[in-house]
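Shared between the two complexes below is subunit A, which has subunit B as its partner in the first and subunit C in the second.
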Partner chain A sequence: MFFFILTNNNSNKMFFLFILFFSTLISISSNSWFGCWIGLEINLLSFIPLISNSKNLLSVETSLKYFLTQSLASINFLFMILIKFSLLKNFDMNNIISIMMNSSLLMKMGSAPFHFWFPNIVEGLSWMNNFMLMTWQKISPMILLSYYFNKNFLIFMIIMNLIIGSLGGLNQTSLRKLLAFSSINNLGWMIFSIMISENLWLFYFLIYSMMIFMMISLFFLMNMYFMNQLFINNMNFFIKLNLLINFLSLGGLPPFMGFMPKWIIINFLLINKFYFLTFIFMMTSLIIIYYYIRIIYSSFMFNYFKMKWVNLLMKNNMSLINLSSFISISSMILSTFIFM
Partner chain B sequence: MMKFLFMMIFMIPLCFMKNMFWLVQMMLFFMMFLFMNLNLNIMCFFNMSYMFYCDIISFGLILLSIWICSLMIMASESLFKLNFYFNFFLFNVIFLLIMLYLTFSVLNLLLFYFFFEASLIPTLLLIIGWGYQPERIQAGMYLLFYTLFGSLPLLMGIIYIFNDLNTMTIYFLKFFNMNMYLLYISMIFAFLVKMPMYFVHLWLPKAHVEAPVSGSMILAGIMLKLGGYGLLRVMIFLQEVNLKLNYIWIIISLVGGLFISMKCFCQVDMKSLIAYSSVAHMSMVIGGIMVMNYWGFIGSYILMISHGLCSSGMFCLANINYERLHSRSLYINSGMMNFMPSMSLWWFLLLSSNMAAPPSLNLLGEISLINSLVSWSNISMILLMMISFFSAGYSLYLYSYIQHGKYFQGLYSFYVGSSREYLLLFLHWFPLNMMILKVDFISIWF
Partner chain C sequence: MCFNSFFFLFFFMLINFFFFVYFIMNGLSVFFEWEIISFNSMSIVMSILLDWMSLLFMMFVSLISSVVIFYSKSYMNSELNLNRFIILVLMFVFSMVLLIISPNLISILLGWDGLGLISYCLVIYYQNLKSYNAGMLTALSNRIGDVMILMIICWVMNYGSWNYIFYFDFMKNDYVMFIISFMIIIAAMTKSAQIPFSSWLPAAMAAPTPVSALVHSSTLVTAGVYLLIRFNYLLIDMFFFKVLLFLSILTMFMSGISANYEFDLKKIIALSTLSQLGLMMSILSLGFPDIAFFHLLTHAMFKALLFMCAGVIIHMMNDIQDIRYMGGLSLYIPLTSLCLNISNLSLCGIPFLSGFYSKDLILEMVSFNSFNLMVFILFYLSTGLTVFYTFRLIMYVMINDFNLMMIYNLYDEDYIMLNSMFVLLFMSLLSGSFLSWFIFSYPYMIYLPFNLKLMVIYVSILGSILGFMVSNMGIYSLNKLLLSYNLSSFLCLMWFMPNLSTYGLSYIYLNFSQILFKNIDMGWSEIYSGKGIFNILKNYSVFYNIYQMNNFKIYLFSFILWFMILFIFFFI
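Here is the complex of A and B:
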């Protein structure tokens, strides 16, 4: 059922979905850099059929752009692996090589300063494809990043991620682009968490992907792609509450569940004496909360014009909304249990 | 202590049942009387259980928050009558009360921060959800962002303290001395924004004016006192830096209080005038806490409690006028003595308490604060004299403009005042003017 939704109600694509999952597993569980590269290539090859839809010209263009950027990054990665293999005999930890490898993986993920393709492409994808792009496609580049991590370079990249993710979303009205910039910002948090421990990255990633899933499923069911559509729909009260809680949780406000991973990361930041970096983390998350609240104005205000002709796509997918409402409301209570 | 928490948690299902609006209010009054009967030990932390405690300061502030939350429900009868999402409103009030109760009663500084932030969310929902004008969106944003901008460095400071001292229990903090300037600024700034101090006070007039009556009551009543409570807890381990640097905040807040008091005379909106008078009172509170002598702490604590009751009562009065005339402007609300002479009594009683006339608790607070600030520096006498004088001035200004004079010719008809409104105002005024008879339990700390 879940996989069916992920393939946009087109079960022919389920084959590619399974290969997508398998490719990440190849990439992260290989004991040679070549295996990693193979996994990344199969990932690219199997994601393209998922997103391209020959009847829609925009999605064809999007898949072409995705193919070009990702294959460029893969070629770069392969080249760096080969240089490391042949020139350095696979022993030394060279600064330039590690910078180049990290850069190619950052470009795969859509992190700054190689992020320019990312908001462009999410504009052409449907919501479920966006969900795959924002969550699953980040797993293998992140784990590969942790194998050859260059701390000095990546701290600079983290700062750029945070600033671009927060400031870039200020002038957007498309919900997909807003979530893309918030994904870039959260990539900054995630790259830092890799620096501390891979367990911590997994924890942050799981909570982040759960929150993104709840929001994307909400937007998917209401078929909303732009901010002006937020005001002309027929949401009942629980869906509004769900939207409110999810966005505030993603922003990292207490008492919601999204506060907890950010709190843990700030804890490790201060243990390792990254004081100025912590300040940048805090202030950029303030800017992010600003544009999240702009999205949820419609759910704060209880009385506005509701268009009765807009129907929610609720017939077959009621269980999804119920489940996500339950999780998002109970996570508020559960998070206090975890804290205490 | 945990029994009150569970009582509040189990009131939540009660909010969603039919016809339970007044029952929730009665349960909150009941909880108030139960809480008052706790054994009060002045010199120490009492009622300590797993993670809760009660101190003389937190006891008084929890009492104030339960009292004001129950009066909030009493003031919002129009929501119930017009059937405007009153279930969710009750849930909001109870949730806010739980967060405030937990803020004042947890032992752990990080949990204090957690509930301090968490109490912002229901306040934001109250302002944007039930407010009246479209400007409430901007007011909510100002409230949220001013407070968050101050409190994120507070989170950094708290985690830094944890990494250094390996404890976050509030009781143990007095044994340490963390005298670092940057830590001092990051810990204090959040509470100064919340209090609010003069330069960062801009959120308060917006939020108070755009909020509905319940939002204004809780903001003026308790949310400002969170800043004072935080300052009282956090300054213990920063004493040497405090002695060096506190004069900055005292001077900013006193001079700012003078400017704000003068600005009160220029206001046209009733609620805006009451909001600015809140800032002026809180400026004296900041001055009293920052001076760090005993009379200063006593005076600021008494002024916090009395200001909570008094400002909340004045917002109720402004709402009583607003529900009848649908305007908060002083041009329209004039000559009310002709129509509602009994309300004129309540306006007078609460405004006289606002200007610190005897026998109100404000008087004792201001006298203690004057004593402490003048003992710190003689020159502050000038500023205090002018702040007290202007507070009397704008309170009288508000009273005489609303009550005396010719009434607005465009009025149609309204009734004088229901007994619910009289009870509401009485319950604000009675603790304010009668607690001065037994003030030793809040003013003797050792």
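Here is the complex of A and C:
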């Protein structure tokens, strides 16, 4: 993000970045619901300048769409807070007001069934803005979700997330939309983990954001936005390998890093006899791994596809790529040495 | 390598001979035992039983194998890897010796499996398609016997050790012994190529001729008979022995008939071996194990000699094995035809050659003890058939006109091959009488009426006349085989039984599996798992995309809609 801001010669945006960070902190560490709402509003206000770029019509349209949905969600959130204060003086969570509050927070995050804006907006943003949208913007709604949630409602939402994230991505060719649907799917896992414990959610979120960072930085360096761009440039073997490993790790394949949080969540599911939910988690993961592998296998396996009439040289900065491959492959095994 | 192994085996033969004479004169038998491990209730021991029977058999095996190795120095001299061949033959002899001297089922298994495996390696020695098929047939038929022996080992564990010879007296009427006897009979039948498993022996003629001389005439195929001789005390009044009688008589008869239709020299000799094996098995199952052993040994001598002569003839005929190309050879290769004639006549049972002692004794025992009519008829008929195909062979090979080429060189003076054949010739002349003086300390009492005694001679003369008449072919001879085509093909192709082992085992299953593969693997399972699920998911994704590609106001409106739905849904 910093690179992007600095390379675009627009360091005014650094200011908004800092306010973005602070807004999340305000939101999650406030005493009352009102403070949470304030944090969410400042989040919205500071993110809009980051993504809007008046020279680009698509950017403007994207930021307008983002503003509309998020403000709708904030309005709803404020309204439900006020209703909760005035009508309900209790602490139990599984009632109708929690449904409404959770719905508005889910709309903030881009979770199903309020997710229709998410792939559209992700399509209109650049890679670094996408990274912000997919990782940082999820923090405060998630944590607010954990303060007052309705269990049955959330489980229903999780199932919808998983299914829509897996089925929606099957028919996509744009890499941004693909990662958007993958993000919706991972939102399902994250919502479930935050229902278990916040520590587990933090673990999942950190690993998820690390994986997303590795992927997005790879796509950003190669300036790739669509699937057919995978074959045009001369990726050398290690970049392709890194891409493969990151995709498989994101899909949750052992022994890569992305398997670890999913494994712990499955463990919890099975111990507490959530068998049907486990089944849905597993099957949708399979569909997601299918379309990850579909992206890279034709560029990576023995007979790989390579266009030779366009000969673009790529700057191959190997150290970052090597480091990220190493982390993806070995971190699960190394963590067993450290932590167990 | 050849000379070394020849001398070693010859010397081994002499040692065995002297020990045999000493043991049989003094009635000794020696039993070595080395207990390797005793585990829970089983003792795994390595034991060696040396009594006169095993020493005699070892002597004959080592004699034949030494002569065969000496012979193959000249027969296979154009072979690049002759050392490999000799090593295989030596390993074969080693497995056979292990089988002979063991009173213990584990070492029998080692010898038995070794025999099966090495005979496979020897049959596929010439690496062409015919040898591969023959080797596969041989190995798999023998494998059935191996499986039977493995199961016997499993069942004998009931008794505490694998030395079966100690249990025959005490456990004769036990249920376990019943199962064991059934399985041992099947194992012996696969090795000795009796009726259901008889298709491998003519096919195994794809092996080199020294291999046929050693393996398929005297040692491998007699391993089954030897095993039954060892187990004879157990099996002697069991029902399965009568089944074995039936099957071995039929084997004898069938192979005698099929040999009359064959035109391949080695196949005729193979079918003749099969017929004599049937004879051995049948006299064994009638209750005379020592006569069976006697016939086994004499048959080994002249059959090995016959194969060696066939090898010389095949070499001379430019590697052609078809007897229709041969003729008049008695004029040109006197020494080889001497050996061929003596072994053929010994096979027929001409008086006072070696085969006469054993065959005549067998036939007289069959006549003397009252068995049923079918046994009697088939024995004599098979003897007649033996003479029939023998004389036919002699007419085709020796007496009729030479059919090969205008210019030929029939070279007989290969003294390496001839010397090896002379050794066997000497034994084939004398071994009958020599063995009968040793083995039978008192002769059998046989009292027959005059015509029954001459019955052998009657069928022999009849067979020889028929053999002479069949092989008289001229320019205008009618091909009688085509006149009775169905009957002839039934009799010629061994009563269609090889199809049981080859076509019948593969066609039905392959056909069925093709149907399964087309309908299930490439049919319904694709619809229900691979391709079908992919189509379903793709359609779902396309369907979802209809909702995803919309105006923004539709999205906002959908949010309101969802709110209301969730409100109502969870409120209720």
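By definition in this document, the second predicted complex is superposed on the first by the 287 of 340 C-alpha atoms of A that agree within 3 Å, B and C clash if a C-alpha of one lies under 4 Å from a C-alpha of the other, contacts with A are read in each partner's own complex, and residues count from 1 in each chain.
We adopt the following convention: a contact is a pair of C-beta atoms (placed from the backbone, for glycine too) under 8 Å apart; a residue touches a chain by one contact, two chains touch by 3 or more.
Not measured: the values here are computed from a predicted model.
In the superposed model, A:I289 makes contact with subunit B only, not with subunit C.
In the superposed model, A:N56 lies in contact with neither subunit B nor subunit C.
In the superposition on chain A, A:S32 contacts neither subunit B nor subunit C.
In the superposed model, A:F114 makes contact with subunit C only, not with subunit B. Judged by the touch definition given at the top, the superposed model places A:N236 against neither subunit B nor subunit C. In the superposed pair of complexes, A:F300 makes contact with subunit B only, with no contact to subunit C. Applying the stated contact rule after C-alpha superposition, one finds that A:I164 touches subunit C and leaves subunit B untouched. Across the interface of their complex, subunit C is touched by residues 65, 68-69, 72, 76, 96, 99-100, 103, 107, 113-114, 116-117, 119-120, 150, 152-153, 164, 167-171, 287 of subunit A. Of all the residues in subunit B, the ones that touch subunit A in their complex are 51, 84-85, 88, 99, 111, 113-115, 117-118, 120-121, 124-125, 128-130, 137, 140-141, 144-145, 148-149, 152-153, 155-156, 159-160, 162-163.
Across the complex, subunit B is touched by residues 237, 248, 253-255, 259, 263, 266-267, 270-271, 275, 278-279, 282-283, 285-286, 289-290, 293, 297, 300-303, 339-340 of subunit A.
On subunit C, the positions that touch subunit A within their shared complex are 537-538, 540-542, 544-545, 547-548, 550, 552, 554-556, 558-559, 562-563, 566-567, 570-571.
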